[in-house]
Amino acid sequence: MRLQSWSFVIPCILALVATACSGAPVQSASSSSPSAAATVTAQPTAAGPVAVKVTTLALCNESYLYWGMEHGIFEKHGLKVETVKTQGGSAGIAAIVSGAADFSFTNGLTAILSFNVGFPIQIVAGAYESPQPPKPPSQALFVKPDSPVKSPKDLVGKKIGVNELGGINHIVTAAWLRKLGVNPQDVNWVALPFPQIVQGVVQGRLDAGQAALANIGANDVRVLGDPFREGVNKVIFAAYLATNSFIKDHPGVSEKFQAAIAESIAAVEDPKNLDAQFALAAKNCGNDPKVLAKQPQQEYEAAIDMATMEDMGKLLIQEGYLTKAPDMTKLVPEFARKK
Amino acid sequence: MVTGRPLGPRAAARGWLERPIRVLGAIWLAVVLLVAWELKFRPGESVFMPPMSAILGAFVQQWFVLDPGQLFVTDHFQTNAVPSLLRLAQGWTIAAAIGIGAGLVLGIWRPALAFLNPLIRFGMSTPSTALLPIVIVVFGITSSMNVALIAMGSTWSVLINTIDGVRSLDPTMINAARSLRLGRSAFFWRVLLPSASPQIFAGLRISLGIALILMVVSELYAATSGIGHVMVFAKTTFRFVDMWSAIVFVGVLGLLLNGLFGLVEARVLRWKLESSRGAGGS
Amino acid sequence: MTPLLSAAGVTAAILVWAAVTVAGVVPAQTLPGPAPVAARILTLLTDREFYEQFLDTLTTWVLALGITGVVAVPVGLLIGYFAFLRRPTELVIHGLRSVPSTALLPVAILFFGLGLQMKFAMVAYAIIWPLLLNTAYGVRSVDPTAMYVARSLRWSTPRSLVGVVLPSAAPGIASGFRIAGGIGLVVVLSAELLGASRGIGTVLVRYQQSDQPDFVYAGIVLVGALGILLQYTLGQLELRLIPWSPAAR
């Protein structure tokens, strides 16, 4: 009995010691106290590349990132990229402000909102925007095939599933409803992870859901439309943010990052690389390359369109998240803007 | 505290101070912490941590209003706090009922306990958020779903503490009951239940705390209203003062619930405290 | 007899699970049956990356429980022993313990980043209160006769605290550790499900996002098994270290 009971404890202690000695918490070495927002992660060595930490959501859309890392594009620009997995864009912002990462993968609306509240951040590179015609739509507001809801106007008082309350999908869908004459306050918004939204609609738990066509996959639903097409002008779906102190303390690094992203994007959009690109993305995001190939592609763009930023500011004011648009020129530095 | 000695004139004159001094003795630490926050986090010091004065101001303004017609609470309170509290009440009551009922049965009937023990330990270790998909399917996106999550997460401590309370029944008590020829029913109500009740109450107190937390957590997703709903919306849109105001609300709620629970507990367990005091305890 | 019954209980649960899936009460896309989940469990157990994440979670749990315990037990003893400390601290504790760790996640990420430190902070915040409270309650159940003896032997306060109060409060402290252990595991997982970058929870989230529920539930089963194992370990430690505890009866 004695031996039996201790035999549980000893392996546990050994495992603990082994992990601690192997230096598991490497990432914590870079996190610092909030008042010292200057990071210690980017260490320029004399001739070697600069190590930077980039947050990722491990999305299939981030194929350019995987390509750039795999094919040495970042290295060509003097950067060594290490990815840090986060759950969402706002966690990414917290990560760069705390120093746990250098570049945060965040959507455009969140970036504006956080900047407006006083976060010391700037957008250093774009990733992708909502696709415009003639490209096929990539998002959908959908219902069950036999649902009595015929148009979004019928959604008053009903439950709509979105992935995050106050997130870009919620805001854009609300804008579309408002455009059709529905007050978004009269709708019940429910936050759920994307797969749950799809299942919720299919099983009749939700009256409607908003998700990417990629999330819907083969499930049988009726699409009411794409809120990102019908409700708003172009929006910046994803971009990369960095803190003011990082940009100041590491001159040139953000520019190099932006250039590397632009080149990686050009590479994955090259028709020659399509199959390889899907295979690589599938490997990193846990999906099937054939499925990826059939999905609508994002509008990749590494430079920020200032007109789009102004539109997004107006959208946020219209939906009540801002009273006054912030100065976008302070949010987007010169090198990141579309010429 | 009652000594039966009459108060001298000086003590009687001091009597009116006693109440405020006792209150001060209880709250000084809380006040110190609040002041420390206010001194440390001045406006603009950190975006995530607004000054305590701003938080408290928002707290009062968002949840309360000086209108007896509205019962002194704002519409915001009615739309969000009331549903949350209802869910908490329902969920915790269900958890308490199941926990105590099943706990008594399992505590007495050893084979059943052995049968279910691994499942109980397993259930304790799974975070309720992981079971969210199943609960949604079964209950839909309604308040019942939140109630179910709250109940599922807070039963465990009541259950386990009840089982422990029943099993730690002093063997001499059992013998005494037997020699007094107490019937089954009398044994249960007069010996077993009272003996286990301090442990049961400890479990209920813990589960109340867990239920409050689950009330908030269950509303982070899949809810259309509630304190957790307000909290997560404020967090995503970077309105941190509002987020902290909701957090303070939850903290105050926890204090009130604990206070109420303590009063009820003291009342019900009065005999136990008195008997142990009589035996020379402090 | 007892192990047989326990095994029977587990078997019965698995059968119920299979029945629910077959009957279609819950669609297979939401809750897969035991067979696919069992297959995935084997896949995960042989996956090196899963093993590393598993160790990360376990390490965080052990560290948080150990270090928080080392801080909480002495403080809890003091709170329980000195009456003037008891009421103000209990007030603050009851207020603070009502706030879910998850609500403080953004603040935790801001201060500690996304890794071990942040998860440690979240778990420590969640478990320090039950540890403090249970230690304080344990002090209050100290046998007054023993204190009387210590006093008549003219033991100093520190010596009484360590020699009389601590052993008497030990069963209460142990129960505090068991509760903290249970809560701690759940909080580590929640932190990983909601924001951290390493740990079993992040694996679960990845499979959840890519809509592979059989992996998700395989992970949950393994986590539950871990929970059982950890609770058992704590129970065994209690038996070893505190033979006079009522749990040993």
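The chains carry the letters A, B and C, assigned in the order they are written, with residues numbered from 1 in each.
Operating definition for what follows: a contact is a pair of C-beta atoms (placed from the backbone, for glycine too) under 8 Å apart; a residue touches a chain by one contact, two chains touch by 3 or more.
Please read these numbers as outputs of a predicted model, since none were measured by experiment.
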Centrality ranking, top chain (CA atoms only): C
Identity of the chain that, by mean CA position, is farthest from chain A: B
Of A-C and A-B, pair with higher C-beta contact tally: A-C
Centroid spacing, where centroids are CA-atom means, of chain B and chain C in whole angstrom: 18
Separation of mean Cα positions, chain B and chain A [Å, integer]: 38
Chain A and chain C, separation of their C-alpha mean positions in angstrom: 33
Per-residue multi-chain contacts in chain B, two or more chains: 46, 48, 133, 137, 220, 235
Residues of chain A engaged with two or more neighbouring chains: 34, 90, 94, 97, 193, 199, 203
Residue numbers of chain C (touch at least two other chains): 27, 30, 106, 110, 232
Touching residues on chain B, where the partner in the complex is chain C: 25-30, 33, 46, 48-49, 111, 114-119, 121-127, 129-130, 133-134, 137-138, 156-157, 164, 168, 202, 206, 209-210, 212-213, 216-217, 220, 231, 235, 243, 246-247, 250-255, 257-259, 280-282
Contact set on chain A toward chain B in their complex: 34-35, 90, 94, 97, 110, 113-114, 116-119, 159, 164-167, 188-193, 196, 199-200, 203, 205-206, 321
Partner chain A, residues of chain C touching it in the complex: 27, 29-30, 55-56, 58-59, 62-63, 106, 109-118, 194-195, 197-198, 202, 205-212, 229, 232-233, 236-237, 239-240
Touching residues (chain side chain B, partner chain A) in the complex: 44, 46-48, 132-133, 136-137, 140-141, 220-224, 229, 232-233, 235-240
Residues of chain A touching chain C in the complex: 5-6, 8-9, 12, 15-16, 19-20, 24-28, 30-31, 33-34, 58, 84-87, 90-91, 94-95, 97-101, 193-195, 198-199, 203, 215, 217, 285-287
